[in-house]
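Every chain is named by a letter (A, B, C and D) in the order it is written, and numbering of its residues begins at 1.
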Amino acid sequence: MLFRITSWGESHGDTIGVIVDGCPPGLPLDEEVIQRELDRRRPGQSRLTTQRGEADRVRIMSGVFQGLTTGTPIAMMVENKDARPADYAAMKDIYRPSHADMTYDMKYGFRSWMGGGRSSARETIARVSAGAIAQLWLNQEYGIEIVAWVRQVQNLIMEKVDYEAIRRDDVEINDVRCPDPELAARMATLIDQTRKNRDSLGGVVEVVARNCPAGWGDPVFDKLDALLAHQYMSLPAAKGVEIGSGFNGVTMTGSQHNDPFYVKDGHIRTRTNYSGGIQGGISNGMPIIARIAFKPTSTINKEQHTVDSAGNEVTLAAKGRHDPCVLPRAVPIVEAATAIVLMDAALRDRGQVGPREPGARPKKRRLETG
Amino acid sequence: MLFRITSWGESHGDTIGVIVDGCPPGLPLDEEVIQRELDRRRPGQSRLTTQRGEADRVRIMSGVFQGLTTGTPIAMMVENKDARPADYAAMKDIYRPSHADMTYDMKYGFRSWMGGGRSSARETIARVSAGAIAQLWLNQEYGIEIVAWVRQVQNLIMEKVDYEAIRRDDVEINDVRCPDPELAARMATLIDQTRKNRDSLGGVVEVVARNCPAGWGDPVFDKLDALLAHQYMSLPAAKGVEIGSGFNGVTMTGSQHNDPFYVKDGHIRTRTNYSGGIQGGISNGMPIIARIAFKPTSTINKEQHTVDSAGNEVTLAAKGRHDPCVLPRAVPIVEAATAIVLMDAALRDRGQVGPREPGARPKKRRLETG
Amino acid sequence: MLFRITSWGESHGDTIGVIVDGCPPGLPLDEEVIQRELDRRRPGQSRLTTQRGEADRVRIMSGVFQGLTTGTPIAMMVENKDARPADYAAMKDIYRPSHADMTYDMKYGFRSWMGGGRSSARETIARVSAGAIAQLWLNQEYGIEIVAWVRQVQNLIMEKVDYEAIRRDDVEINDVRCPDPELAARMATLIDQTRKNRDSLGGVVEVVARNCPAGWGDPVFDKLDALLAHQYMSLPAAKGVEIGSGFNGVTMTGSQHNDPFYVKDGHIRTRTNYSGGIQGGISNGMPIIARIAFKPTSTINKEQHTVDSAGNEVTLAAKGRHDPCVLPRAVPIVEAATAIVLMDAALRDRGQVGPREPGARPKKRRLETG
Amino acid sequence: MLFRITSWGESHGDTIGVIVDGCPPGLPLDEEVIQRELDRRRPGQSRLTTQRGEADRVRIMSGVFQGLTTGTPIAMMVENKDARPADYAAMKDIYRPSHADMTYDMKYGFRSWMGGGRSSARETIARVSAGAIAQLWLNQEYGIEIVAWVRQVQNLIMEKVDYEAIRRDDVEINDVRCPDPELAARMATLIDQTRKNRDSLGGVVEVVARNCPAGWGDPVFDKLDALLAHQYMSLPAAKGVEIGSGFNGVTMTGSQHNDPFYVKDGHIRTRTNYSGGIQGGISNGMPIIARIAFKPTSTINKEQHTVDSAGNEVTLAAKGRHDPCVLPRAVPIVEAATAIVLMDAALRDRGQVGPREPGARPKKRRLETG
């Protein structure tokens, strides 16, 4: 990897932070660029998400000099302000079902039980911060636009989206971050009602990255879609990843599913995009499309059967403020994850093959005719 | 990574091979163990798969001495015998839709056009060979059993499987590798008919890994499910990955989806397994369950619209022998991919945390009561 | 790598810090353990080193819970207190000879010119902090003792040391950290005089690591001595590395240089140790011995010829407080660097091959006779 | 790493080989380019080196299509022809002093004892093959010339070399590969005499790389000199590495050792080159200079005291053909090792920072005045 992310921090520790290694020098960067993305990730934005009042003010501690990245490590840090460990003390010996409590104990022999410790979704602060830098660079160098949105909450699904046109403004119009206002309203009602039931919901985030040049990604082990799948599946609560047609593509025949090539303005394009912008593990210049399934939040206030660390069967009704549905907050996280992968792929490709022209189609590889 | 795979070779080059670094010393290994898995992957096993008569005899070239692995790199190689480059010459300037032809040209400026070159599914010989070693070690050290099968071909789906009981023998009973004989017969008919139509089919492979100890996988970037997703999505034609409940899980509420813990024989287990054996990125001792969607094969003999490398719109009807459905052959490949990931996770965990007891539940972390 | 170090920070930025990934869980750790090593590295300990009053109080920000390492990333940070950027403003457009000023500008197009920015020796705070953890673990698990000392300052050389016996207390008896008191006094006089001459001195640090088990290190690319050389040569001002006999060994014949094996108390040992504890890239259980050459500090207050960033030839007499001789402070840095390499080698070996017995000789591999 | 080397093979196994990942596409490459370097490495070139008649014909197995590199893995292999395992059978239970026999047994529990197995110097076939590709690319892209020579055999030292002028032809004029013919003759006599004494010699290889652009290498952990030290110290028998002034530099003061900058033809240069072309871990455009100490060969035919694997004290006089002095053959190996590091640094730098102008000085970073 050339663009590398290393993070630290637990939910209720002092700080959460990230080091970004390998960022090109000379990129204009300040804390506001990062903060803007963190604010989108922040809980407490609406009644649909957790009510913790985390300020999450980011501080850039290195790697920027006189407003420009220096090419050396960029460290960013957020101080934890609003921790209420008492909410968790009751759960310190009890394993929340489908949470990381038990597996951390099994792996490490003990765990930082406050707020989930390292397994907390607060770790995504690191990724959103790093992703903000990646998005900035990708946009500046190639005009790349990455937009994610809530496609599905439980059984409410937004089937149709114009991948060429959808913009972040279309998504940010409501708290749910579903670009269909009517559907968003129904999702909001469902989430609100579920919260009252002390239960939780899952869903699907969809993401598009436009204007990626053809040629990013490696042929075998580090296919671009494999790198995306790795990154997406490492997000908290992720249980599935699709590129392009995904699981639905298997119901088609090859002649239906193949994306016919044609030439437009001297550039090769495909008429359909079941490939999701990636063929043979390498970007083809079409919009990159992915979907990530997030399971319903495992920490719920409803009473559940479980065991404690001594092996006694107990019941648990979690205290504390928990997201009834992470989907709206997952949107900026997915965008950040996408950007991190694309930026590394861009730098690796530039390293091995040399520079590509800004914009979706590499200059040298432009067709002579068309 | 401690267990590392590096591969080489093109479809119609001289050889395909792989180096396995980091294998523990003292593992009994011979070519027959590898060959057995390669034979399952081999085309031409039935009329359902490609008719190329690839012998694919593996040769272990290093890393084994007097029948035992030495701990140093294990190189394995297969010679390509039955290449018919003439079948491909007609396609050398034409981009097969949804294949890697165009993206390789865009990335590298040119490509080895014979048989797909590096993008050929013959690369999976490397993974199956390496995976055979990993399966051997995982089974010897922990009694781990990895079994994959064809869950879906187009719209034919095998819904129910007993993850605790299914064995490789249940799968190998027919050419399709679907453990439901009646469904397998319908799949076979469908594949055969599609081949006659010069078209192709996709589907879903499901896989279970039993007896993994709790504690494998890292908390954030290298979650066990993220490593699996990376590996699966790097397989040719993969478009989607699910762990446990996957995309279906999003239609449940948290209280439905959470897997209640209970204690049996002094070990913590879950009553359901929507988590697919992984919680917070770390194995929990339950069966690990995943599904991989493979798109319909892109190379078909049916005529399609496309462009050539000069940008002219042309039609193409591929010549040569092509799998109408890769699913049956994907079964051993998915098993190998799973084993490669688990073995690396096992070694990394042993490196950081120390040894675990063979079998599903680590000794040191056994409950005192129950 | 399993034990991984990622650092951030510039000389005159807000903070310097490090993330340690891969530390085993359950290691008792607090800030005092780290601080003790940082205090040894700290400038201003004597008139022999730079007079900046850097407090360098370390703060552990993650990865420790209730006094024990959790197994997740350990972040440590030091705030910069005593920066005097004005001392450097005069040099911002002038390239100090043999410093990183020019090469950073060439690489990145510009640089953080205050105090050398990222190229400052303050980066070694990161390594000393990480190394303190590694030393703690290595000592607890294997009884490993790592001791470094100043072997040479300019032409003053301490030729003889008892590698089996030398202890940190023998080194810490004077400011120079040379265990020969009489020689240390002469070194101190020389350093002091050189500082008055506005000049600087180099020298050699020697280090021994005792009680390493046989078996650490990989056979080819990641030989244990190669990993040490990598780490040592990445220290500021390092220009040379020797293992065991080093450059002097080339004047011997094979029959003189070979270390004869013999058996003592059931363990294989060597009568001489020209190998420096490493044979074929793998530790052999004897003391590991290395020497690192540090050039004279490049920033001196004496006037020198150089150029500015516009290419004008200018003269420069650096302002500010600069170490006339880094050697005494390099001692804890070299110990830390050694520990970081050994700990990673220990974890990797445990991952691939399994656990070894504490102490110098692995249980399983103990001779039956002797 | 972007330019990655993975190798396999034991001394007396079937084959020795290497995979080169990350090579840019479009580089003209054939087996002759590789073979030329292998022939220089080959034993049996003269009476000064081992008399084994290894043909060592290389075969490129992938990654080259129609005479050009494809950008995908390049696998190269040499078959072992002239193995005489009987020479080694006598030593299979006896640990050769200062060889890897004992440490391999300690690490892995057993070893491939024929010809040193993986610890054999035959592994350098892999590095020489990979290095030939790197040298070709570095020369084509930047006009880089890498030349190594024998600087020292035992006490015979070639003190003065013109680093700007020395060429490979100056080195290849004699079997010893020392560019001073008179000294070379004395070295040859010494080596020959030592062989007759059943003993062996060590020495120092010096290497220069000219025309590297300024800007290669990373500031901290992956300093260019650290990467070189890692690579050099991983060569068989290496015990020391120096960059620029190395250990001798420590006897100078800062004002003597600092390399004054000046401007020539619009480019910044240094009047002396004690830095060895690297400052702050980054190349400065001056010739890169390094020296590597190789100990006397450990396998000698003279009788030595040692132990066997059961712990009995025994005497050993090795049979078989062994190099009395590896230095002449180390020359092409050091050149290859240098090229591998520089090429990776070049690609990484291009990835992060973008392209540099061919030749020693980057275009964008050229001074405006001078």
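Keep this in mind: a residue touches a chain if its C-beta (ideal position, glycine included) is under 8 Å from a C-beta of that chain, and two chains touch if they have at least 3 such contacts.
Fair warning: this is a prediction, and the values are worked out from it, not measured in the lab.
Each of B-C and A-C has its own count of C-beta contacts, and the greater count is at A-C. Chain centres here are C-alpha means, and the one lying farthest from chain A is D. Distance between chain centres (mean CA atoms), chain A to chain C: 39 Å.
Note on chain placement: the centre of chain B and the centre of chain C lie 45 Å apart, centres being C-alpha means. Residues of chain B in contact with at least two other chains: 7, 25, 71-72, 107-109, 118, 219-220, 349, 353.
Within the complex formed with chain A, the chain D residues making contact are 2, 22-25, 71-72, 219-220, 347-355.
Those residues of chain B whose C-beta lies close enough to touch chain D in the complex are 4, 6-10, 13-17, 19, 21, 25-26, 59, 61-63, 65, 68, 70-75, 107-112, 117-118. Looking at the complex, you find that chain A touches chain B at residues 5, 7, 95, 97-109, 118-119, 123, 152-155, 194, 197, 199-204, 214-217, 219-223, 225-234, 238-247, 249-263, 266, 268, 270, 274-276, 278-285, 293-300, 302, 304-307, 310-313, 349, 353, 362, 364-365, 367-370.
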